[in-house]
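Note that the chains take the letters A, B and C in the order they are written out, and that residue 1 is the start of every chain.
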C-alpha cells in the first residue's frame, strides 16, 4: 500500500501534500499539544508501538499466510482521530526514511491514503457512531472490521486514482481498480480481525484507555465531527479538482512546451506510428544539426545517448576523485 | 536546622478507593541522611518515592519538601531540587545520545548553553562515563544506561536524590561504581532497593516497609542484621551477613 | 523472526553511517533535505519516454556515493520494497502501449521505454533518500524540520517515536522468540493469542509512555523543549553545494545534456 516516489508526478504529490498538511494543521490545533504536554510522549511511544507491532506475523487460521495490524484504526481508537493521525505521520515518515517503504515525495499520498482514511473516516464515520450508546465486545469487533475494510478500500482506490492521474501506467483504470480493490478487501478483513482482537483485550483489561469511553469526551467530539466533515468535503473537492486538472489538461509539461516551441512534434519517418516515440525525437529535433539524422535517426539517438551517458559518468567520477584528492591534500 | 529536609506526616494513598497502597506513613529526613527503603515486592516503595516528587497527588496527609508542601502549584519548585532515577533506564532516557539527555534538564531550567555544557561535563566525570558522551542510548548496555540515567539527574545539581532499584542490571564493577557515586553525594538520598548489601554499603538509616506501612525505621546495621524481623517481612539477611555456615546449615 | 532483528540492525547501521566523519555528512541538514526532495521531484517529472534525459540524473547519486564513501551494494537491498512494486506497475506497459519505436535498429513497443523510465525513477528516488538518511542523523533532520517551521510538538513526537522504535522492536523480538520457543512449527502468532500478545505489549507501552512523561516532567519539561540548542551554522560551502546541485538539476531537466554531449562526441569521432 505504500506508494513509491516513482509512481507519482510532482503535481499529484504536491496536491496530496497540501491535503495532508491541511489535515495535520487541523489536527494540531485540535489536540492542543502545547497545553496538553502529556500527549506528546504518549503519541511518540504509541507510534513506536504501531511500528513494532506491525512487524509481528499473525497467522491467519486455515491459510499459510499471515496478516498485520492496522495502525490508523488502532491508534485513533486509543488516542482519538487527530492525535492518531499525527502519530501515523511520524510512523510513515520513519518507514520511508529508514526502510525505504514509501517515498519522501509520495509521503503526502501515503499519509492521505493510510493515515487520513484510517484515522478520520474510520473513527468518525464508523467507530464513534457504533460506540454511541456504550461499548461492548461485539461492537468493538464490528467497528474494527468495518473500519479497516472501508478505510483500506478508500486507500486502495486513492492509490489507483493517484497512479492513474500521474499517468505512469498504461493499465486501463478499470483493470487497475479491479485488481486493487478485491485484494484490499481481504487484507482489510484480516487487519480488522487483528485490530479487533487487540482492542477487545484492551477493553477487558483497561477500558478507560479506549477513545470515547468516557461520556465527557463524546460531547466535545460532536462539534469536531461536523467540522471534520466540512474539512473532508473541502479536501476531497480540492483533490478531485487538482487531480482531474493534472490528468486531463496537462499531459506532460515538457512535452507540451516542446510542442509549442517546434510547432508540432516532428513526424517525418513513417506517419502515425512514431507519434508516441515523442520525446526522444522531439529532443533530437531540438538539436540544430543532428549528425545521424535521416535514414536511421533512432540509431543515432541511441548512440548519442549511450556515449553521452558514459562521458557524463566518467566526468562525474573524475570530478569527485579530484575533489576528494584536493580536500585531503588541504587538510593534510 | 539546615534547609534540606523532607517531612512526611500521616500519608495514605490509594489508586482505587478500595485498595490502599500506603497507610499512615510518617518520617522525617534530614540533610545528611542516607536512607535505604526496603521491603518485599509491591509494598509501596516506588509509590512512596513518586509521592515525594508529586507524580501522584491524590494522597491524604502532608508531605513537605524543604518546608514547601507538595501540591500542584509547587511542583516545578520542588522538582528542580530533587533528582529522581527511574527503575527502567529506557523510560528515563528519551533523547538519542547521552549528552543530549544529560543536557535536557539544565536546558529546561533555562541555563545558558555554556553552563549547560559545563554541567554535562561535570555529571559525566562524576559518574565516570566521559567516554559515553556521544554514544547513542540504544547502543548502550544496561549498566551504561543506568549510569547515564544517574548523570541526567546529577546535571540538575539536586539537593535530594531519590532512586528506585538503582543496582538492578548492573555487573559487579558497575555496581561498585554506583556505590562510590552514591557515597560521594553528600546531601539527602533515599534509595529503594532489594539489594540489601548495597544498602548496607551506602545508607546509614533504613526504613522497612510492609503492606503499605512503615514497620521499622532506624539504624541500617541493626535492622539488616535482625534476621527474624527481615524474614517476617519477606526479606532475608544481606548476603555478606549470611556467611557460608548459615548457607550450609540451611542445606 | 529474523525480520525484526534485521530491522533493528538496519536502524543501528544507518545511524552509524550518518554519524561518520565525512565531508557530505557535515553539509547543513536543511541543504541536504531540500536537495533530496528537489532531486526526486526533478527525476519523477521527466516524461515517460525520456530515457536518455533521465539517465543523466544518475550524476547526483553517483557523486554523493563517491564523496561520502558509502557502499553502493549496501544500498541495493533498500530497493527490495520498491523494485517489485514498480515492476508490477510497469511490466504491463509494453503490452498496453504497443506503438512501435526503433531504438538502435531494433523495433520495440514504446511501452518498453516507459517501463524503463519508471524503473529508473524508482531506483533513483530510493537511492537519493538513502543518501540523505545515511549522511544525516535523525536529530539533524529534526533540526532541519524545525527550520522548516514544522510544529515543535510534532518534531518532538517524531524524535520520541524514533527513539523508542528500537526499544519496542527489541521487546517484540523477545516476545516472539519466547512464543516461538514454546510453539514450535508455527510461522506466526496463533489467532487465539492475537489480542493478548499484542494487547499486553500495548498496555506496557502505554505505561512506558506514562513513565517517560513523568521522567520529562521531573526534569523540568513544560512542553516547550527546544532540543539541539547548539545551532548548526550555515556556511559558505553549504550555499555552494546547494547552488551547484540545483544548477545541475535544472540543467539536466531543461536541456538534453546527455544527447548533446553524445552528439558532440560523435562529431569529433567522425
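Keep this in mind: a contact is a pair of C-beta atoms (placed from the backbone, for glycine too) under 8 Å apart; a residue touches a chain by one contact, two chains touch by 3 or more.
Computed from a predicted structure; not experimentally measured.
Novice: Among all other chains, pick the one whose mean CA position is farthest from the mean CA position of chain B.
Specialist: A
Novice: So which chain ends up in the middle if you average the CA atoms?
Specialist: C
Novice: Need the CA-centroid distance for the pair chain A / chain B, whole Å please.
Specialist: Centres of chain A and chain B (C-alpha means) sit 48 Å apart.
Novice: How many Å are there between the centre of chain A and the centre of chain C, using C-alpha atoms for each centre?
Specialist: Each chain reduced to its C-alpha mean, chain A and chain C end up 14 Å apart.
Novice: Please report how many Å separate the Cα centroid of chain B from that of chain C, as a whole number.
Specialist: Here chain B and chain C have centroids separated by 43 Å.
Novice: If I count partner chains per residue in chain C, which residues reach a count of at least 2?
Specialist: 138, 159-160, 162-164, 167, 208, 212, 216-217, 221-222
Novice: For chain B, which residues are shared contacts with two or more other chains?
Specialist: Within chain B, residues 94 contact more than one other chain.
Novice: Which residue numbers or ranges of chain A touch two or more of the other chains?
Specialist: Each of 41 in chain A touches at least two other chains.
Novice: Under the definition above, what is the set of chain A residues touching chain C in their complex?
Specialist: Residue list for chain A touching chain C: 2, 4-10, 13, 24, 28, 33-35, 37-49, 51-53, 55-61, 64, 66, 69, 78, 86-87, 89-91, 93-94, 96-101, 103-105, 163, 167-172, 193-194, 196-202, 205-206, 209, 252-255, 273-280, 283-284, 286-287, 290-292, 296, 298-309, 311-313, 316-317, 319-321, 323-324, 327.
Novice: Considering the complex alone, what residue numbers of chain C touch chain A?
Specialist: Residues 3-4, 7, 10-11, 14, 23, 36-37, 40-41, 43-53, 55-56, 58-59, 62-63, 66-67, 78-79, 81-82, 85-86, 89-90, 92-93, 95-97, 99-105, 110-111, 113-114, 118-119, 121-122, 125-126, 129-130, 132-133, 138, 141, 151, 153-154, 156-165, 167-169, 171-172, 176, 186-191, 194-203, 205-206, 208-210, 212-213, 216-217, 221-224, 256-263, 265-267, 270 of chain C touch chain A in their complex.
Novice: Any idea which chain C residues touch chain B in the complex?
Specialist: So the residues of chain C in touch with chain B come to 12, 15, 19, 137-139, 159-160, 162-164, 166-167, 208, 211-212, 214-222, 225-230.
Novice: Chain C touches which residues of chain B in the complex?
Specialist: Against chain C, the touching part of chain B is residues 50, 53, 55, 75-76, 79-80, 82, 84, 86, 88, 90-92, 94-97, 100, 103-105, 107-109, 113, 116, 134, 136-139, 152-153, 156.
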